[in-house]
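Here you go, one structure.
A, B, C, D and E label the chains in the order they appear, each numbered from 1.
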Amino acid sequence: MITQIPLVYYLALAAALFCIGSFGALSRRNAIAVLMGIELMLNAVNINLVAFWRYGAADPLVDQAGIVFALFVITLAAAEAAIGLALIIAIYRSRDTVNVEEINLLKW
Amino acid sequence: MIPYLSLITFIPLLGAIIILFLPNDKAIKQFAIAWSIIPLVLATVAWATLSSWAPPYNFVYNACGVTIDSASAGYTFGECAPWISTLGIQYHLGADGLSMPLIWLTTLLTTLGLFYSAKVIQNRVKEFFALFLLLEVGMLGVFVSLDLFLFYVFWEIGLVPMYFLIGIWGHDTDRPQYAAIKFFMYTLAGSVFMLLGIIALYLYSSPNTFDMTLLAANQANMPFSKDVLISSLAFLGFFLAFSIKMPLFPFHTWLPDAHTAAPTAGSVILAGILLKLGGYGFFRILLPIFPQVSQQWAFWIGVLAVISIVYGALVAMAQTDFKRLVAYSSVNHMGFVILGFAAAAALTAEQMQNPHYINNGASAINGAVLAMFSHGVITGGLFFLVGMLYERTHTRELALFGGFGSQIPVYGALLLLTSFASLGLPGLAGFVGEFMVMNGAYSTLTLLAFIAVWGIVFTAAYFLWKIIQKILLGNVSEQWAKLPDLKGYEILTLAPLAVLMFAIGLFPNWILDTINTASIAILEYMKRM
Amino acid sequence: MDVSTIIAQLLFFLVAALTLTAAFLTVLARNVFHAALALVGTFFGVAAIYLMLEAEFLAIVQILIYIGAIAVLILFAVMLTRGLMQHDQISFNHQWAWVALVVGTLFLGMFILILQVPWLQSGAAVTADTVPSLGQQLMTTYLLPFEVVSVLLLATLVGAFIIARE
Amino acid sequence: MDILSFILNPFVSLYNLIRDALTALLLSFGIASDVVAIIVFLVMGLIVVTAILILAPVLMMYTTLLERKVVARMQDRIGPNRVGKFGLLQPIADMIKFLTKEDIVPEGVDRVSHLLAPIVSVIPVVLSFAVLSFGVGMGAVDLNLGLLFLMAMGSMATIAVFMAGFGSHNKFALIGGMRAAAQIISYEIPQIFAVAIPVMLAGSISLNRVIEQQSGLFGLGWFFFYVPVGPIAFFVYLLAATAEINRVPFDLPEAESELVAGYHTEYSGMKFGLFYLAEFLNMFIISAIAASIFFGGWQGPFVQQVPALGIVYFFGKTFLLIIIQLWFRGSLPRIRVDQLMNFGWKRLVPVMIGTILFTAVLLWFYRGVLDYLKGLGG
Amino acid sequence: MVQNFTLFIPLLPFLAFAIIVLLTRNNNRLSALVAILSIVAALMLSYGVFLEALSEGAELAANPFYGAPIAWMPFGGMTINFGWYVDPIGAAMLFMVPTVCLMIFIYSTAYMRHNHVDEHGHPHAEDDPRYARFFAYISLFTAMMLLLVVSSNLLQFFIAWEVMGFCSYALIGFWSFRGRKEHHIDDAQVGRARGAAIKAFLTTRVGDILFMTGMILLLITLGSLDFNKMYDPAAMNNMLAGLAQPLPGVEWPVVIALLIFGGTIAKSAQFPLHIWLPDAMEGPTPVSALIHAATMVSAGIFLIIRAYPLLEFAQQTSGPAMQIVAFVGAFTALFAATIGLAQNDIKRVLAFSTISQLGYMLAALGIGAFVSGSFHLLTHAFFKALLFLGAGAVIHSIGTNDMFKMGGLIRKMPITGITFFVGAFALMGIFPLSGFWSKDEILLDAMREGFYPHAGMSQDLFLQIIYLMLAIAAFLTALYTGRQLFLTFLGKPRDQAAYDHAHESPVAMWAPLAVLATFTVFLGFWNTPFAPAFFHFVGEGGFMGLPPFEHSEFDPIALTNMLVSTGIALSGFAVAWGLYGFRPIQAGQPDPLARLGFVWKILVNKYWLDELYGYKINLDGTAQPGLLIRLVGAFMRLCAWFDRNVVDGLVNLAGWLSRILARLWGWVDTHIVDGLVNATASVTGEIAEWWRTMQTGNVQNYALMAMVGAMAIAILFLLRSFT
């Protein structure tokens, strides 16, 4: 399997996924959708990490930095989702909205 | 390399500081318990790491410019930093099979003590828990330091919190202030002599050093070992400090007062750990650094040990107060530790050449250290049990009890277990240490050993007659008809100790393996006398 | 190009197309619930990509954590905040056009850049099970980050609990 | 192949027989050997998949019968006894009923979610069958991450529950779905912790390795017997897994007194049937996992000599555990939501963390003893 | 290869103990079931080992089942390992111990249910309040007995030995405390049990100390405690070279052997440490049967069996170790038999007969009749357990121990009565019960060695004395056993109320009796003078590194001995008949033997040994410590006074002196430095005012800007790398 697909494919896929994700993160009004966009971006990064591990590591058994980083990213994503969603729910409770544009208390 | 020992030692200090800023009693209690688990976990990991390096070690200890190869010492986790460089005082930590079990026991008993105290202590909570953690720092520091000066500092640190624990939280009927001052002054008097000894060692060593590892490794070439007077005096200083702490007859009278007056957790720590500081000193300092002097005085120390054993048992038998009885039982049991020391110290130069005697010497040291460990576990448990009974009945007068075996069966079962562990029933913790000590003692001090062994009968007698018969057997009087059995948290406090009693008694190998490496190392030092 | 290469590449394109479609749906769907379901699809696609990259462990972890935990959390949040987002409401904010422009540029730039580089065509063969050595490395080489992440997770646990508490 | 080994190990022998015959047949047609290998691989895969796809519904059908019978006996009734001897044909009648019932799609449902939810609920369960080991050498796939895979599949059930709850456009369904999801993700943690104990003892996360490690003591060296961690882990696993699949006493999402039928309120006909299928297969799967990792799976006395015994042992243990869950159902009342959450987070999780630490310490100190035990008589 | 699982034999009952204590202690039936299941499993396993051992035959003696895989106690370069060691005699024990234990477990399920009459006059049978605990203790006890039998070295042996001591303590004192609702025991019973338990533990502790001392000295001199090593003559010879002599003219081997024998003296209740065993009868009767008759006390004999080569070695090299053993044994056999004559308590008679029979075994071992002694150990276990259980059934049925309140019970309790007769005849040594064969062998060995020496040896006066003592003891045994039979089962009922109350026991109690009776009848044929199968198994394989024992042919001497010993037994029984059976004792009539006067008084008071160094426990539960204990108590009080007034007084004196000194000191003030610097920066506020308009407050806006910025930096970076 690995021998037949060039690395570029993965990178292109990851780039596309990253861009789609960032579009979602930057343009959706619903805070939860924003979070989903961020998750997509993190996934794109992970694809890159794993792909580089698979193609770049001299010995994939010995040098698993890519996998390890991907794992950490997943962990961080979980933490981020938990905290982020908790925040969203808290905001929803106090301000009755999850629209990001309406949550701008911190402006000048 | 993770600085396990520094972490273990100073994390409680950090906890004590944090406690000062916590708002309410509940938070303080929960925090203190949770926090004290951290050093326990670290100590467990450290011990596991140590024991996973099965001998022969494939590493070389290298810290503070001391390089010790695998043959002669089992130190690990070395940490070193200059401290007071003009005097060559260093922050030198290290642990080996001798200190590691005691470190672990300290962290365990502290956690249990805090856990139990959280339910019992209601006044001046913040001070209590902060002081308790501070106490842990002092005790752990003694066990980890390899520099005499540092050793002395930690030794004294431990005194202060204990003084307050006894003085403030002691039971009013037991003259807590008197007991606290007696404890403090007596121990301090001893440690002043130790300080003199330390200074003597520093002045009469070349190059001048406070480093225990260097002193032990090169003691044969040091000036103090060539000067009989100096080494005898220095030995005497250390010996006084340690035997007061142990305590050895006739320096033991602070002990029943302090134990009786202290709050339950304080008694547990006092009996479980503080006494072990003395025993630890015997094996860490006296044996490797003063092998000749030890050898000269071994017989007389053995005599004192035997007196401690037999006399302690007899005096314990005469007590009418449950807690005082348990306190005197410590004198009795610590006698075995010192007998182990004496037995190992009594090895003569030509006996050192015979592997047979070396093995029996190692047996004595192993046994003494294991006896310390299991005494900590068992007597810790006994003091918990005393405290639990006192919480219920508000008296410790043995004559008032009776029939509790059927009234509070779980308490009865645990008391039975702990008592039998204490009187040295094989299969439980107490026996293994006693057996090994006796093994060592018979090979060098045959006559003394034969006297000491009768102490075991007296020990059994006072446990059976005074504790089990008076408390558990007989009829329940109407007065105690509503006595409640142990609650969940009390069982939880005792459960780890009970498990340990079985674990040591049934399979002592896991702990002896660790201790044995240190014993071999100590004997290796002694060979160089 | 032999048959197996064609099959492999076809498979890749299939998975990639699925992933990207799901991703688009995630971003574009008006109904947040549907978006979340599409997100699950994306995660699946990424897991499949991992499988193609011979990172089975990561693929399973992806399913376990992303789908089993994160997606569920998101669905939860969607339900707890339900009723606000009406279907006829606009789902994009006022700067979406700018975003589209910037993101489009970014993608083009990255795509061109990727094509510029002579990447490796294949990696070394995986000779044995990677999981044990991964575990080994997590406990040795990457111990510190591992512990840091553990502490982070603990903090997250406490934090999420405190924030979401009423 | 001699007849004795065929009798001793029928399924594996049959599999090998077909494979060898097919290979020989194709080779005789003059097809290149590597192509033959691919074709044989595919065909054999197809056969195994078909076998599992037949096995799964049959298992489910007769588990329902078992449940009705057992619960009936506990309530001093007889249970189904009309269709067929002892009601043996009852499940088939039920299946026909499911298939022929009208498929109602209520108004206002979210059609996509509503339609997909039953299917999504079945997929992970059936996938789980792929890695189970039914007997000596009888697993479809020997995945080196088998247990992790099973856990992952278990966690996917939430999505289906959510889809059903949300898609039904019904408050009861929604509340049921949310309860189910909360419950599943909460109890997943102790469940995974509990699975970690056998994994630690075995030193492998592969289901097959875990089973093989229990071969000591004449096939009785089951991790359940590694007192005290084994029993603790098993009981926690049993509780957590029961909660994970929403069975009594943790069936809050379907609490009929409060929520009608929870997230599958709005389902009927075969869609409901699929949920039903998923529930019972889930029960089988968790029992099979428990049997494999705590009770040695197909390990037992003489299994090395008579591999066919392995199947008996495996299914015997699995069905015993299923009956235990039915016993729960027959005897325990449902608990409250807050009790459920408190129990999960404040009891099971700390207990399991402690157990894991204890196991680790045990492994540090007593690795040699464990190895001795594993080697005894095996 | 069942032998590799030998260590599981003790493990199973131990697990039962743990399970009962931790899990099932609140469920009586379940606890009993767990205990019985565990012992059945252990029994099956040990029968497996036993059969495997039998199949090895005499080969086993030279190559016993042995393994020591568990590293237990490392010190220095040495490690004491634990494991298993099964030689022929061990295998035979593995047959005997679980069998007897199983019978007693089954018996206990019924015995520990007490009949009592409630306030409405209805009879009830209810479980003892500590029923589950009872089974826990006896499971632990069984585990330890089995561990002792299979242990591979002396330390392991010692551990099992001591834990059995604990079990014995706990079980003797089983009724030493009571709650408010426990009717089945009274205050006197509580007091007696309490005293008896402590007495038993401490008395045996004295012996254990000696044993431990001997063991440690053995470890030091021999360098190992492994039985394999102990049975290695080459290793034993090194013992002589080790430490210096303890006393002039005394060598270590004899000292060690006698110290270890000290353990036996206490555990097997030999003179002078026998005083605990009669009082130990305060425990529940199954306990008396299990611990104080069949197994634990015979552990002491087993210790001598294990240490037999050491004794032989000591005898040959350094001193009369064997002779001392023989003499103590024979003396105890005679001594205890005399006391047994004057006891009225049905269990105490049996207790003294136990002491006496154990003395027999020791005498046999001491005169070198190794196989006969071992065989008597086996047969005695069966018939003594039988007797105790029968006595227990009687007590359970009529509610008293006093034989003078019994009489004629065989009509009410036929099965118990018949089995008791079987046991009693075996004890007397009546042909052809097992007791006859084993006792006869011992007497034969003594007679053959003493009166009919081999060529080249003169008649041995010592052995003749031993023979005579044993023969007199055999006569007395028949006498007091006959007395017991006539008082209990035959004659007229002397307490009509008790007699009417009596009834046959439930099946759980008489079935074990029947099984044990069967063994009692047939076990003896394992080792008859004509077909000594047991001898071939145990004695002929170069056992324990000793030369093989030789079994003499069946010759006129053997026949003579059989006739003589039968005659002794029958004459003893005849005397008993004459005193008690010919004219049955009536209620209130004194014992006919009381006519002996002062001698009788001595016997009733057990030679006043309790008053001398023991602890006398009265029937009403009070107790008087003996002279020795009073001395220790006085010394204890002296020590306490010394500690409080002299040692502590010195410390307080020092403290008082320094307080006087401390008054001379003053104290120092401390200054508190005050000072607080406040700094405010309004400039900061001004700057902030200007910058803040950049903050739109919209997070996505920020993020977009960040992204653009990042892209810009990336482009810059790319441009720089291109140039």
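Convention: a contact is a pair of C-beta atoms (placed from the backbone, for glycine too) under 8 Å apart; a residue touches a chain by one contact, two chains touch by 3 or more.
What you see is a predicted model; the values in this text were computed from it and never measured.
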item: Shortest contact path, subunit A to subunit D, counted in steps; value: 2
item: Smallest number of contact steps required from subunit C to reach subunit D; value: 1
item: Of all other chains, the one whose Cα centre sits farthest from subunit A; value: E
item: Top-ranked pair of chains - ranking by C-beta pairs in contact; value: A-C
item: Subunit A and subunit C: spacing of chain centres that average the CA atoms, whole Å; value: 6
item: Chain centre separation (subunit A, subunit E; CA means) in Å; value: 71
item: Geometric centre distance via CA averages, subunit B-subunit A, whole Å; value: 55
item: For subunit B paired with subunit E, centre-to-centre distance based on mean C-alpha positions, whole Å; value: 34
item: Where subunit D touches two or more other chains, by residue; value: none
item: Residues of subunit B engaged with two or more neighbouring chains; value: none
item: For subunit E, residues contacting two or more additional chains; value: 700, 704, 707
item: Sites on subunit B touched by subunit D in the complex; value: 41, 44, 48, 51-52, 510
item: Of subunit E, residues touching subunit C in the complex; value: 700-701, 704, 707-708, 711, 715, 718
item: Residue numbers on subunit E that touch subunit B, as the complex places them; value: 21, 70-78, 129-130, 155, 158-159, 161-163, 165-166, 169-170, 173, 176-180, 182, 187, 190-191, 194, 197-198, 201-202, 205-206, 209, 212-213, 216-217, 219-220, 223, 242-243, 246, 635-637, 639-640, 643, 647-648, 651, 655, 658
item: Touch list for subunit B against partner subunit E, complex; value: 181-182, 185-186, 249-250, 252-254, 311, 314-315, 317-319, 355-356, 358-363, 366-367, 402-407, 413, 416, 420, 425-427, 431-432, 435-436, 438-439, 442-443, 446, 449-450, 453-454, 456-457, 460-461, 464-465, 469, 472-476, 481, 507-509, 512-513, 516, 519-520, 523
item: Subunit A - residues contacting subunit E, complex; value: 22, 25-27, 34, 100-101, 103-108
